[in-house]
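So that we are looking at the same thing, I have put the structure below in structure tokens.
Letters A, B, C and D mark the chains as written, and numbering starts fresh at 1 in each.
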Amino acid sequence: MQRIGVFVCWCGSNIAATVDVEKVSQVLAQEPGVVFSTNYQYMCSQAGQEMIQESIHKYQLTGVVICSCSPRMHEATFRKTCEKAGLNAHMVEIANIREQCSWIHKDMATGTEKAVILGRAAIAKVHLNAPLTAGQSPVKKRALVIGGGIAGIQTALDIADAGFDVDIVEKQPTIGGKMTQIDKTFPTLDCAACILTPKMVDAAQHEKIHIYSYAEVEKVKGFVGNFQVTIKKKARYVDETKCTGCGLCTEKCPQKKVPNAFNLGLDNRRAIYIPFAQAVPKIATIDADYCTMLKSGKCGVCSKVCTAGAIDYKQTDTYIEEEYGAIVVATGFNPIKLDKYDEFAYSQSPDVVTSLEFERLMNAAGPTGGTLLRPSDGAHPHTIVFVQCVGSRCDDEKGKPYCSKICCMYTAKHAMLCREKYPDTDVYVFYIDVRTPGKNFDEFYRRAVEEYGVHYIKGMVGKVVPQDGKLKVQASDLLGGSQLHIEADMVVLAAAIEPDETARPLATMLTASMDTNDFFTEAHPKLRPVESPTAGIFLSGACQGPKDIPETVAQASAAAAKVIGLLCKDSLTCNPCTAQPDELMCNGCSSCEKVCPYGAITYADKEFRGPNRTTLLRRVAQVNPAVCQGCGACTVACPSGAMDLKGFSNQQIMAEVDAICR
Amino acid sequence: MSVTENFKPTIVAFCCNWCSYAGADLSGTNRLQYPANVKIIRIPCSCRLNPMFVLRAFQKGADGVILCGCHPGDCHYTTGNYYARRRMTLLFSLLDFMGIERGRTRVEWVSAAEGAKFAATMNEFTETIMKLGPNRRLEDLRCRKD
Amino acid sequence: MMETIRRISGVNPRKCMKCGKCTASCPAYDEMEFHPHQFVDMVETGRIEELMQSKGIYTCLSCFACVERCPRSVEPAKLIEAVRLAVLRQQNENHLTANDIAEKLDPELPQQAITSAFRKYRK
Amino acid sequence: MTYSYFPGCTLRTKGKELDQWGRAAAEVLGFALEEPENWQCCGAVYPMAKDEIATRLSSVRVLADAKAQGRELVTLCSACHHVIKRVNGDMQRDADICDKVNRYLKLDTPYAGETNVLHYLEVLRDRIGFDALKEKVVHPLTGVKIGAYYGCLLLRPGKEMGFDNPENPRILEDFIRAIGAEPVIYARRNECCGGYCTLENKSYATKQVDKIMDNAKAQGAQMLITACPLCMYNLKENATNGLDVKYFTELLAQALGVKEEAK
């Protein structure tokens, strides 16, 4: 018989307001095996923990039940507490009477009754608990960063600077991500390329960093400290070791009509291309969708002009297998497609552009060489209308339910730059709210209004009508109480941002969870913002939620710090709750082996005592505790009931069921 | 119908540790109400749910059993919820055959971010059980409370 | 009254985030003294009487531009119709009577115009 | 293929030929339109209020009739289409309305939105196919630049009507291409023409119509087509210096070479 101590936490008034903690501890004291029961204001506080430890000694407790917040919150805390008092950590069970009781019920009687039942279930389980010891598994001291934008670059640099090897996998031919397409950055207006490209070069030259550009993660196996990843290097039809990046091929290629993705299709490039001058690695790539040689076998101009002999039309996708201790997701974002918002005539007029397209039109390396010209006729626009929240903050199917966060600031930046470069332009910004909660952000927005004379109008654009070379904008001015009709030359739409489309399949590969908007979820929204709930997976940048550059960099470094903390360890404590076969019951049928997702189950021929002093050789299942992750699939698959899961045994769960249904 | 008026169903919710238990916590954090009849048992993965547990619950007087796990494709252990889905499909049709109505058993995918869905599911499920009334089929009368 | 309007329209004005896109989209703006976003706001704050007195309830074109373009699915047109109905359902408050029709007819006028006017403007 | 067919009030009276052209074209294209007996006017305006039951009944009658025949229901006038489609949606989604309507109508079998409602244009697009239509054209309208005028009722609310992209539709443009003419895209093609106010305030209607006409003309349209008799009347009668406006079935019948015999 166990000697059990019950500790009921008030959690201030969080629990005590809807659960009669005194009564709960009294009732639970009557349960068989309970030798001590008490309640306290904050069980997780120093005093509370000391009380638990004292009680363990005083009453010689062999099991502890703590009725408190979710085990996801403080299970580890209380286990440590008890361990220090000499009790095995797995002799502690938590009854979740906060998240799953006091917070969801309003009535004291109901809450108390339920808390008692939850406490009983935990007591019933502790009766059957056994001390467990965790094994150790080694940590592969290498990190993988998926995505080579500013988030991925920063994370990789920080990890590499700490002395660990890092691989960056980037699906585009160059690293740099969205920031390469941006002209200036708010709120300081420094040039994005000037601050980004040195970092790109740093990453490329760092001896601890290896960049797989034009590559994608194909498969992920394993677990924290020990991931096996297959990386697909897409055929770029150019030998990376030979190409010098001279760019001659990109000038001579006869296929000139390829929409230039880097400039968002605002101009054309060749079928063989280097995305932009400062690309890293600076290696040409052939666009197989447009290359005449690859499509019809006739051409070969690039091969002829390449003095390095780097062109290889026969190149195929190659696969690389690598082992990692930690994986960082930095897959970033994209602006949404605007076909659902054609009241703004985006598909009807080239002069209606997205903010990212506008960024290219303002960029010295963009299609217009940095002079703001209308895409339709190359004329200088004199009236520009900016529309914010296009597709953000929408109800259900209309768009994204969240605020895209960066639009207010970049729109203020665009408006300010327009007025600065072209003081003769009239600039209107239609806003619902202006959100500027960042250092020097509101000051920046106020400058746009006060110093640069941007017309900020509280209201929204309802319809854009392209007619006679103008854009007739019909909008509301809610503060002025009127409907405005503006003849604009350009309309710029601040499109909502969404996670990259590769994020969802990647999350599945990593078994990392996502929210309904396909942003990765963090392990804790406040306290663990850069970790995925899946151990060993870390989050960097906009893949976790909309972020501007300063925030992205901060999160990237935070993720790096977490990775470094992990890679510093030589081994990790394994989950002790692993499967365990009862060899006497096992008949070696292989059912368990088939369902094990980790290949943790093998078979061994073992000698057993048979009848009449004979010896029997039988095939029985063996579980490798370092590999077993404790899902329990095998326990249910086992037809003879030989397989059980430590910490969540059949008996323990049944005891909980009995206690609840009692 | 005094039986139904005083009927306080016992509902056992098995929640996987990674998604649904966290989803249940989130509905608590957001103070979303659902009936106290629902009691949650934490299991590492939905595939840990042995059909025996479900039978045991009904035998001991549970009126409804619900299993919550990660969404298909999102299982922390990659494939666990697929096993669970297959097993429960079989089990539930067997139970139906035995007279435990379909409405008393349910599988629902609730992610760690879906606190609202968890609460809504529990409200809905409890309402269904309330309509179905007490489980009389499999309950072991020797286990009866009153 | 506020509850009646909410009930018959099925609209929850609290969903409105006051962006003004309904009013920006409204083709009948110049013909209304209260505009779609004001309908939402005034139903929310209970200023139903004023709305019932306004002639805008008869000049709304029921074109659903506000419904289509509202980012929050508030459906202002339903509120306008609900206010109009609240007026028409009172006794002797028909906006249009059979006697009014004759003078408005012209030989090409489709039946539809008359049917719809009756449907919209009288009970 | 035989469809149940709801012509509506205008196409039975002032707009007879619009209906006849549609029927003649259907014959050429190989589908039959059969009117249910004793159909009633749909009311021309969709009742948005949740507690309006009586105004939904006539739509449900014709929907239930189509269900009894085991047919899809085709409409030709966009107002009828709008009303019937949305009432059908209410019957599918709003349990309260569905219940009250059924209790009122006392049908042999209760109706819960089973009938599929199609606009004539949807039949052309989804059942016949514009490519197949193109092959049947004998008098293509080559070189004519036509602006499609959609108006409000066909498209909005997009979620309920499910007809086309409500802000950038293409079904009429595809139709225009199929009959050999050239479509002209102009942004105001889905802005309201003010048809409902033509009875009370013509100058208000004129203002709306002129904006649409200006936009269409500026984009190079020589003529407009519509799928709504009220829009057609309003665009024609209330425009100052407007373009010619035709109903799409007229051009369809003309292109298929059956316009004259339809009369």
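Simple rule for what comes next: a contact is a pair of C-beta atoms (placed from the backbone, for glycine too) under 8 Å apart; a residue touches a chain by one contact, two chains touch by 3 or more.
Just so you know, these numbers come straight off a predicted model, no measurement behind them.
More inter-chain C-beta contacts link the pair A-B than the other of A-B and C-D.
Each chain gets one centre point, the mean of its Cα atoms, and the points for chain B and chain C are 47 Å apart. One inter-chain figure worth recording: chain A and chain B are separated by 30 Å, centre to centre, where each centre is the mean of the chain's CA atoms. Look at where the CA atoms of chain C average out and do the same for chain D: the two points lie 23 Å apart. The set of chain D residues touching two or more other chains comprises 167, 191.
Contact of a single residue of chain A with at least two other chains is seen at positions 343, 463. Multi-chain contact residues of chain C (touching two or more other chains): 30, 65.
Listed by label, the pairs of touching chains are A-B, A-C, A-D, C-D. Interface residues of chain A, counted against chain D in their complex, comprise 339-343, 345, 347-348, 397, 463-468. The part of chain A that touches chain B in the complex is made up of residues 70-72, 96, 98-101, 103-106, 110-111, 113-114, 117-118, 121, 507-508, 511, 513-516, 521, 533-534, 577, 595, 597, 629-633, 635-637, 645, 648, 650, 653-654, 656-658, 660-662. Considering their complex, residues 343, 389, 393-396, 398-399, 432, 458-463, 474-478, 483 of chain A touch chain C. Those residues of chain D lying in contact with chain C across their complex are 8-10, 12-15, 41, 43-45, 47-52, 55, 77, 79, 152, 155-158, 166-167, 191-192, 194-201, 204, 207-208, 229-230, 233, 236-237. Here chain D touches chain A in the complex through residues 159, 165, 167-168, 185-188, 191, 214-215, 218-219, going by the rule given at the top.
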